[in-house]
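The same chain A turns up in both complexes below, where it pairs with chain B and then with chain C.
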Partner chain A sequence: MHRFLWKGIIRDRSRSLLPVLVVTIGVFAVVFSYGYIQGMLDNMIRTTADFQTGHLKVVTRAYLENEEQKPNDLALLGVDTLQKKLTEEFPEVEWTPRIFFGGLLDIPDSNGETKAQGPVSGTAYDLLSPGSHEARRIGLQQSLVAGHVIQQSNEIIISYDFADRYQVRPGDTVTFFGSTMYGSMSFANYTVAGIVRFGIGQLDRGAVILDISDARLLLDMDNATGELFGFLPGGLYNKEQAEHVKESFNRQYTDVTDEYAPVMVQLADQDFMGQMLAYMDIVSLAMVILLVFALAIVLWNAGILSGIRRYNEFGVRLAMGEEKKHIYRTLLVESLFIGIIGSAIGTALGISLCYYLQDHGIDYSAMMDSVNMMIDPVIHARVTPELYFIGFIPGVLSMLIGSALAGTAVYKRNTAMLFKELD
Partner chain B sequence: MRKLIVLLFIIAFTVSVSAQDAEQIIQEVDKNISAKSQIAESTMTVPGKRNSRTMTAKSYTIGDEKSFTEYLSPPREKGTKMLKLDKEMWVYSPSTDRTIMISGHMLRQSVMGSDLSYEDMMEDRKLTEMYTPSLAGEETIEGRKCYVITLTAKVNDVAYHSQKMWVDTERFVPLKQELYAKSGQLLKQIRLSDIKRIQNRWFPMKMVYQDMLKDGKGTEYNITHIEFDKDIPANVFSKASLKQ
Partner chain C sequence: MKEKEEVVGLRGMMKRFPVGNGFFTALDQIDLSINRGEFLGLVGPSGSGKTTLLNIIGTLDIPSEGEAFVLNRSVSSLTPKESAELRNKSIGFIFQSYNLLPVYTVYENIEFALLLQKNSKEERHKAVTDALEWVGLADKAQSRPSQLSGGESQRVAIARAMVKRPAIVLADEPSANLDAKNSHTILQTMRRLNEELNTTFIFATHDEKVMQYLKRIIYLEDGKVEKDSVI
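Then we have the complex of A and B:
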């Protein structure tokens, strides 16, 4: 019987084309949207983790309370020992210090007096230690517009917007003016090594980059750091793994009352990332539910139209003695075939486009100049195992539900009236 | 009707006397605090979250237009110099051999992590030039009877729109000041003490500045030595002297 139904679907295209198209488009939309949202989410997580939060982060309790101010006077001290301890306890995690600081960057004229100056927000990365992955992690080399990455002490990298506004070029000497972690004035001259454009508005407006050793000298933070970032293996964030590391570290300090005791937080705890991740989960679920609901209504309607068109066929089949139950069952099997065909095509198309955009991405930089989010303007899709069923199952289900609803009309036919109807 | 006219006359007279009194009080304060020139040595103690820092400095001032300060200790600050000429300010750092101009919003930033801003350090004008005073009453501070004077800015280029000042009724020295923004928000509080008689004037040798927008314990500013109306060579107040 299945073979008979299959032939019916293939030969009578007017019976299958519209439902297949509807299911294909719906499934394609879900698969592609899900893959693209996953890519966008990945982008946001990766960019936020690489630049702002790490997958894990160790700070002092006092620092955490005022974290938005980046209070270096509350920084972690004795970082070498802490970093060694963390590496021993969690060898799979890569630990690296980061210092965030602010101040004034002063550009001198030929007489050494202020030609121009502007406020900057700086980040110090461990760029010069052998084996450090920091430059690669933040894509320093790829973001260079001019000059080179930091290769030695007393070099600074400045953002493109700042360099453009104040006419600074690689090789120029600039003076940083700020305050140390103890509040003293801090001054240092640096040679501009390179100019970068990350394509992330928040970083490109007035950012400077220093090597951590220079920042420690500048800010009087010997063996200290504002934050100690942790990155999970492969640079991939895993909420459960991060939570496990965080809990086992913090358990050691539950009895300590010192406000400068270290405390670990994970990415989901910071900068509303937890809410963002939960929100994206809800959006994905809502998309699937919406697809099933919308497609079921459309296919119910298509099934009714098809039922009207096949009114005579069902009448003849009933007149020939075929049971209503059997006709209804064949309708469902037929819709199952159509659902599988449409869902398979929709899934294949959706995954293909996701694969393409996984490699190429779409560049939104022209629209993101004023966006204050940590997100790479080139957004790629991501192909995940979920894509293979996230649209397929709802596609088949919606077709079945639609046909099941429309097919109930078969039971309303009165056998005694059939020949009169067929006249 | 006659009674009403008399009453109005008395009120008007009282207000006028009160304003005149407040003006006179502030003039007396200016006589004590302001000078043609000043040479002062001072210490500034800034309590930090983890430790306190004490800096020593020597300052030269002429009127409200020129000021030169050199930090003498601790080693990290030693040799740092500040020059103020009229409304402009420069900082010299010996470690970079650079002279940096401080302007715009930077003037509102804290000096060396203290509760004083660059703007506070630059403001040397006489109170009578900047504010319209009014007498708000009398109170006792640290056992000393004080006039409470409300000062409202009469010029635009002042750091604080209004002040409340408690002035010692005998010595005409402020013992407490509250500095307010135009919105009425209290920005800073200064407590002045250790009043000494120096060259025929009363002068507070200890000032504790408290930035009310910060969570700190306040900055203690002590004058260890001060001389008034001394001749200061003009070349002290030049950018060249920053590098010397």
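Then we have the complex of A and C:
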């Protein structure tokens, strides 16, 4: 019987084409959306981790409580020792200090007088230590639009928008005004090494970059850092692995009586990332439920139309002695075949497009100038194992549900009318 | 001489249909006995009860009163599963409009009738080949219904009804859509099968061409048997 059903599906396009198309489109939409959302999420996680949070980070308990203010007066001290311990205990994690600071940047004219001043938010990275991956991590070389990366002390990198607004060029000398971690005023002259454009609005508007050693001098933070970032192997965030490291560290180092005691948090604990990750899970689930629901309704209607078209066929089969439940079962088997075909095609198309966009990405730079999110404007899709079933199973399921609903019409057929209906 | 074996027995059988607040009596006190190997027709004007009677003999409907026995089974007491099984194994149907399944070949249309009987592929092949030879369409086995003439289509329908070698074949106006030549061809075919396989053929018809071939004619009028004549 299955061979017969299969032949019917293959030969009768009106029986199979519309449902296959509907399932294919629906499954493709889910697979592609899921892959692209995963890519976008990865992008946000990676960008946020690289620039703002790390996969893990160690700060003081007091710093953590006021984290949004980036309070360097509550910075970690004795960082060299702490970093060494962390490297010994968690050798798979790369630990690197970061200091976030703010101040004014003074731009002199040709006479050395102030030409312009503007507020800047600075980040200090470990750029000059041998073996540091920080420059590569934040894509400094690729983001340069003029000049070069920091190669020595007293060099500064300025964001493109700021440099453009105040006509700053590589080689110019600028003066930074800020305050030390102890609250005293501090200032220093720097040579502009390069101009960068990350394509991330938040960074391109008014950011400056210093080497960590210069920032420590400027802010009087010798052997101190605001935050000590940890990056998991390969630069890939893994929530469970990060949680394991965090719990292991906090078990050992947490001291609730000391507000300067180090405490470790992971990416999902920080800012909006935890909520974002949970939100994306809900979005994915909602998308799948919506697919099943919407497709089932469409396929229910397609099934009813098909049932009308095959009215005589079912009548003949009933007359020949096929039971109603057997006809109903064959409809379900047919829908299973069709669901599998449509879902397989939809999944293959969706994954193919995701593979393509995983390599090429779509550039949203023009639309993201004013976006305040840490996200790379070139958004890539990401092919994950989930893509192989996230659309496939709902596609088959919705086809079965649609046919199960439409097929109940077989049970309403009155056999006493068959001779009249079939003549 | 063959011993008479009753395949259909109707005793005081009535069939009523609800109409508005009352009932319409489609069959009224029918007493009939039909034996194996008969070639008979139910003849009468429209509304005389021919098709209703075929429905009951074909276990597609049940009587309102009285008894209807088909192959010694009381139609009223059959469950839907049992009546389907009886139709599947012992009753063939031929319709006025052929009702072949358009997506399947001639061979597959005939084979379809055997699928529910769980026969082996070889058994099915033998049965289908025989059926195609009975109706003279062996060369059309791989044709689709759309490639056949009306006469050929009805011959396929006959083969489909006969392939499982049923005890009874019910045919409702089988020649109504055919010209005279094709009508005679299919009637000759059915008559031959009736004689060779001892299958009981019961027609519902008012076609003179069909009546020429019948061995027994039961005239129905307003749901009653007006005349029962053996020719």
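By definition in this document, the second predicted complex is superposed on the first by the 419 of 423 C-alpha atoms of A that agree within 3 Å, B and C clash if a C-alpha of one lies under 4 Å from a C-alpha of the other, contacts with A are read in each partner's own complex, and residues count from 1 in each chain.
Here is the rule we use: a residue touches a chain if its C-beta (ideal position, glycine included) is under 8 Å from a C-beta of that chain, and two chains touch if they have at least 3 such contacts.
The structure presented is a predicted model; accordingly, all values stated were derived computationally and were not measured.
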{"item": "Fit-or-clash call for chain B and chain C when the two complexes are aligned on chain A", "value": "fit"}
{"item": "Partner chain in contact with A:Met40 - chain B first, chain C second, else both or neither", "value": "neither"}
{"item": "Contacts of A:Asp220 with chain B and chain C, given as first, second, both or neither", "value": "first"}
{"item": "Chain B versus chain C as contact partner of A:Leu21, first or second or both or neither", "value": "neither"}
{"item": "First, second, both or neither for A:Val316, with chain B first and chain C second", "value": "second"}
{"item": "Contacts of A:Ala135 with chain B and chain C, given as first, second, both or neither", "value": "neither"}
{"item": "First (chain B), second (chain C), both or neither touched by A:Leu104", "value": "first"}
{"item": "Which of chain B and chain C A:Asp12 touches, first, second, both or neither", "value": "second"}
{"item": "Closest approach of chain C to chain B (Cα atoms, Å)", "value": "83"}
{"item": "Footprint overlap on chain A, comparing chain B with chain C", "value": "none"}
{"item": "Complex contacts: residues of chain C adjacent to chain A", "value": "51, 54-55, 58, 60-61, 80-81, 84-89, 91, 93, 95-97, 99, 101-104, 108, 112-113, 115-116, 160, 172-173, 176, 204"}
{"item": "Residues of chain B that touch chain A when the two form their complex", "value": "46, 48-51, 53, 76-77, 80, 91, 93, 95-101, 105-106, 110, 112-114, 239"}
{"item": "List of chain A residues in touch with chain C within their complex", "value": "1, 4, 7-8, 11-12, 15, 312-313, 315-324, 326, 415-416, 418-420, 422-423"}
{"item": "Contact footprint of chain B on chain A as seen in their complex", "value": "62, 73-74, 104, 106, 108, 112-114, 117, 119, 175, 177, 179-180, 182-185, 187-189, 220, 260"}
